[in-house]
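Both of the next two complexes hold subunit A, though its partner changes from subunit B to subunit C.
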Partner chain A sequence: MTTISTTAPPVGRRLLARVADLRAWLFLILLIGFFEIWARTVYGSTFVGNFYNLQSIGTFATAPLLLALGQTFVIISSGIDLSVGFTMGLAAVVGAEIANFAAPHVGVFAAMLCGVAAGVAVSVIPGVVNGWLIAHLRVPPFIGTLGMYGVARGVAFLLATGMTVPVSNSWMTWLGNGRVHGVPVIVILTLIVVLAMQYLLSETRFGQHTYAIGGNRAAAVRAGINWQRHTIWLYILAAVCAGLAGVLYTGRFSAGAAQAGEPLLLDSIAAVVIGGASLFGGSGTIAGTVAGSLVIAVIQYGLVFVDVDPFWQFVAVGVVIIISVLVDQSQRRFLGGQQDE
Partner chain B sequence: MERRSFLTLVGATAGAAALGRPALAQDKKFNITLVPGLTTDAFYITMHRGANAAAKALGVNLGFQGAATWNVTEQVPVLQAVIAKKPDAILIAPTDKVQLIAPLKQAYDAGIAVFTVDTFIGTGVYQTGSGDADFPISYIASDNVLGGRTAARALAKAIGEKGKVYVSNVKPGVSTTDQREQGFKEEMKNYSGIQVLDTQFNDDDANKAAAQAQAVIGRVPDLAGIFGANLFSAIGAANGVKQAGKKGDVKVAAFDAPQSIVDQIRDGTFVMTVAQHPAEIGYFGVVCAYAHLTGNSVPTAIGTGFTVMTKDNIDDPKVKRFIYTG
Partner chain C sequence: MSEPGHLLSVQSISKSFGAVQALKDVSFDLDLGEVLALAGDNGAGKSVLIKSIAGVHHPDFGEIIFDGKSVSSASPQEARALGIETIYQDLALADNLSIGANIFLGREPKTKLFGFLPILDRRAMADAAQKTMRLLDFHTERLDAPVAAFSGGQRQAVAIGRAIFWNAKLLIMDEPTAALGVPEQRRVLNLVHSLKEQGKAVIFISHNLQDIFAVADRIVVLRRGIEAGERRPQETTQDEIIRLMVGG
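And now, the complex of A and B:
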């Protein structure tokens, strides 16, 4: 964890900030404990000691987590990207179509690589446009990315002619459903992205500048940070994460769907916020976002596992999100509104 | 403000075009507009194809305008823009049986013949002289309750008429998917060996539907089958079964027949799917409107059927033609 402030806060406060950082993880452990007790008392079986459940939750969390990782950078910079859901859909459709198109010419394995590359590459476009609108034309992020939400959605549906695009490519299927020593391939790939993002945010100047811009843009500009160029890179990063989620979706469900990411947008923003980021910018961590995504996945999976009535599931998920944000608010107040890292 | 004046301009232009049209009875080409529940769905795209075929055969101008998502607040403005252009007839899949009554009454009052396809307003029983929603001429659709029953019978057969099953559904409150679930559960009561577990709602998210299937299998290892009540419920549930390593043990039944489902019937991911006949709905919708506009009487309800697709019959041309295509 790096910090750009030069004066070290007092030890007590630093410890508190540390606990606040880990808040999402503590919450996750609490939730798992809760389901463990429930599963043991009602069904006499274990929840967390079951490798099958861990596999399932891991698989479930990947797509929202990939969207949330890029979103973490954008939110730390005090922006928001509402277009990631449909950028994911666009990448899913393009990945499917290119993989289909390439297969007869270059073989299934190379076609898989072409599909993945094309899906990720196409996602750069909405990223660049978003960043450019926000940094150079001064469009508020909420409005600019909402516009891109519509454009990406329309283009994706046009390319797919309103349908889902089926893919039959054994390597694409492996990408989405394969296992290495029992660990799903999509989980492994997502972990690699997590580590890369963790490095980028906490160990590089790029990460420091992201916090600086979100904390106080005017000060960041005075310090010589080119916030316009940086902002464009942030939105490209968010879009590329979404693009990767899109091609993995195509592999997993053997079909590219333009609406693939639509239901995931809010979950991904919720994951970032539960993870401790502030929507006002300047704070947030990758570890927090990972915990936030897992919290959402564990609740939704756990409630079905212990057989809670479906309508109560809606209530429970909403309540957990509210509690999580409330805890965050009170902690911030307790820490005197400090913007931790 | 700018947007509003632009819309007024569009409306005015459309109105002027309508007024300027020569009203010659002999060579009058009827204008019919199809308003789907949503434009981004293989079901409605296929319905459009069927409607186009009939329009071509009858020499009718067919328009196609709708919203991208299943939503009353998005469908109504589209409908109002269509009404402003004064087509002779509107074929519409209303996104709500109550909230669409008033907007459609405006069309009726403007002298436009209203037909509902796939979904309905009021009770779906028209031309009775009672109620505020009896003005549409006819309702052309497949019976989704019967569709759910059909799926139940086929799934029951696939699992040897015993075991535990559940419905993977979108969200409560959508008339068509609610009816499929209702039909499925009613029919399953006829099988004493089959137990229907709680429905799982996935918000049209395949990822969530997959996780739910994995969670249910985790709790109920002897699960026998899942009915996916729409596209994403079905492909999600099937993926969950695959991820759980239960492909073949847990039979997944799908509903609707876009190419992506059909491909996965071939590889055994789905044991069957219930294909509706949306092209038929579109075709007979246009024929029905044409008959009415030319002074012929038409039935107030037309029911179209279902085709159960399995690995064994999918290559039969009589079955294959019901795959949803644009």
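And now, the complex of A and C:
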């Protein structure tokens, strides 16, 4: 009887796989190095050494990162959520209106809490509807969430009567602009969400089942996983992350706006893809998504910092996305397709 | 012909789909530690037969007794819970997960971090994976690698490993060698041998008579839904099996 035994692949191939897995961090290091050199040669100043820059990049990255965190789960399950941008807008508007409404009755601090709770709570609705459309009515995720994109957008503008909803609530402003030991409150809150999502994705059955559904849904179902219920929870998760981003937006700009998340939808998907997830599902990590979001934030902020026409940021982000997908594909060809023996 | 005490006893089962009689009065028994091969041309009723045993179809007439209990009207989940496991051609593995994660898919073990935070017990999964795969003479140190990194025969072993880890008594293997290269086919045949050594019962379906003669203790031949014959490999020839399969 022959014995099946396998050994690890050659060191070169393993190294290549490692590099491909960490490509988002490599991009990030390259970009920071690039802007550092540019800043030193052209302006004679430092880019990363400047605490203000780090604060700004961190603040810049929070909203797209929050959207991307929920999106990571959805994409790993081989879905996509196009509605998160306007779910964020809806939450921003509702959060602002409820905070304003509650302030005279319960005081500014409690009103801030009410606004945050209401914004996050209202975001559950598009999440449930998305999940239900996809899991039970078998609507393709792209179409179902595109429909919700329109609905959430319309409802957000209707609630805001087509305008931004200003908020004058000192606690709300603190939420969006306050600092603790120099670190912005929204960065701290986002970091807490990052840790929670990391735990959820890599240490729980929920995360494991998300990978399984994205890898082979039939196998997941055969193993007794209720993919329909799971799918609804995934879209709720994506929507709640967007809702949180929405209320933090309201705090940051002291106003809720229906279009708060409009430009962030594609950034959120780009962050997940740059972070190493496959749009076919089954792969992706929270660390990768964090790196992907930082890559986008560094490009956007860095180009402004070195005073380049801001429209170049679209070009730069686009190029990074394409390179990232090319790396992913060649990695699949080199490593996935090639098996042992 | 079927007395109690057999692990599996298929007792004159018949099944029709509309006007098509897929199975007519088919009977056989199977014991632990035995490999039964099902031979037959396309449309002979092999898959209807195994799907009836696995709870996917329910026979119109006749009984299927497994481990002393009737499974004629069991659901696939009930059949699996009793210890009847089908290894499908698509393997039903999540290719992006490790061997351990596949074995435990849907019932992952948990442990506590710092005594309070529940987390997946990856070590338990990896240990169980290594131990189980060793039973199948599959030695690997790559317990973190996704199963996509392994070959077709190795993935077959993972699917079988999952079944035996959860105490399957009867493994139904539907064309397990079909999509594989020659060395990999040999590996799967060796897997069947080691399942037999561990006292499992196996139903093995194949188009390849060489494979059937290599592993089977008995061969049941089906032809258009009827049982054309039952032979022992040492008492028959490939020619005779083919004659039984095509009739004449």
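Following the convention adopted for this analysis, the second predicted complex is superposed on the first by the 311 of 341 C-alpha atoms of A that agree within 3 Å, B and C clash if a C-alpha of one lies under 4 Å from a C-alpha of the other, contacts with A are read in each partner's own complex, and residues count from 1 in each chain.
Methods note: a contact is a pair of C-beta atoms (placed from the backbone, for glycine too) under 8 Å apart; a residue touches a chain by one contact, two chains touch by 3 or more.
The shown structure was predicted, so the numbers you read here are calculated from the model rather than taken from an experiment.
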Partner chain in contact with A:Asn177 - subunit B first, subunit C second, else both or neither: first
First (subunit B), second (subunit C), both or neither touched by A:Ser283: second
Superposition-derived comparison: subunit B or subunit C, residues of subunit A touched: B
First, second, both or neither for A:Ser330, with subunit B first and subunit C second: neither
First, second, both or neither for A:Ala220, with subunit B first and subunit C second: second
Touched partner set for A:Leu264, first subunit B, second subunit C, both or neither: first
Contacts on subunit A seen with subunit B and repeated with subunit C across the two complexes: none
Subunit A-touching residues of subunit B, taken from the complex the two chains share: 39-42, 45, 68, 172, 198-201, 203-208, 210-212, 214-216, 218-219, 231-232, 235-236, 239-240, 242-244, 258-260, 263-264, 267, 324, 326
Complex contacts: residues of subunit A adjacent to subunit B: 43, 50, 52-53, 55-57, 59-60, 63-64, 153-154, 157, 161-166, 168, 177, 184, 249, 252-255, 257-260, 262-264, 297, 300-302, 304-307, 309-311, 313-314
Subunit C contact footprint on subunit A (complex, rising order): 1-9, 199, 203-205, 208-209, 211-212, 214-216, 218-220, 222-225, 282-283, 335-336, 339-341
For the subunit C and subunit A complex, residues of the former touching the latter: 77, 90-97, 101-102, 105-108, 110, 113, 117-120, 136-142, 148-151, 153-154, 157, 186-187, 190, 193-194
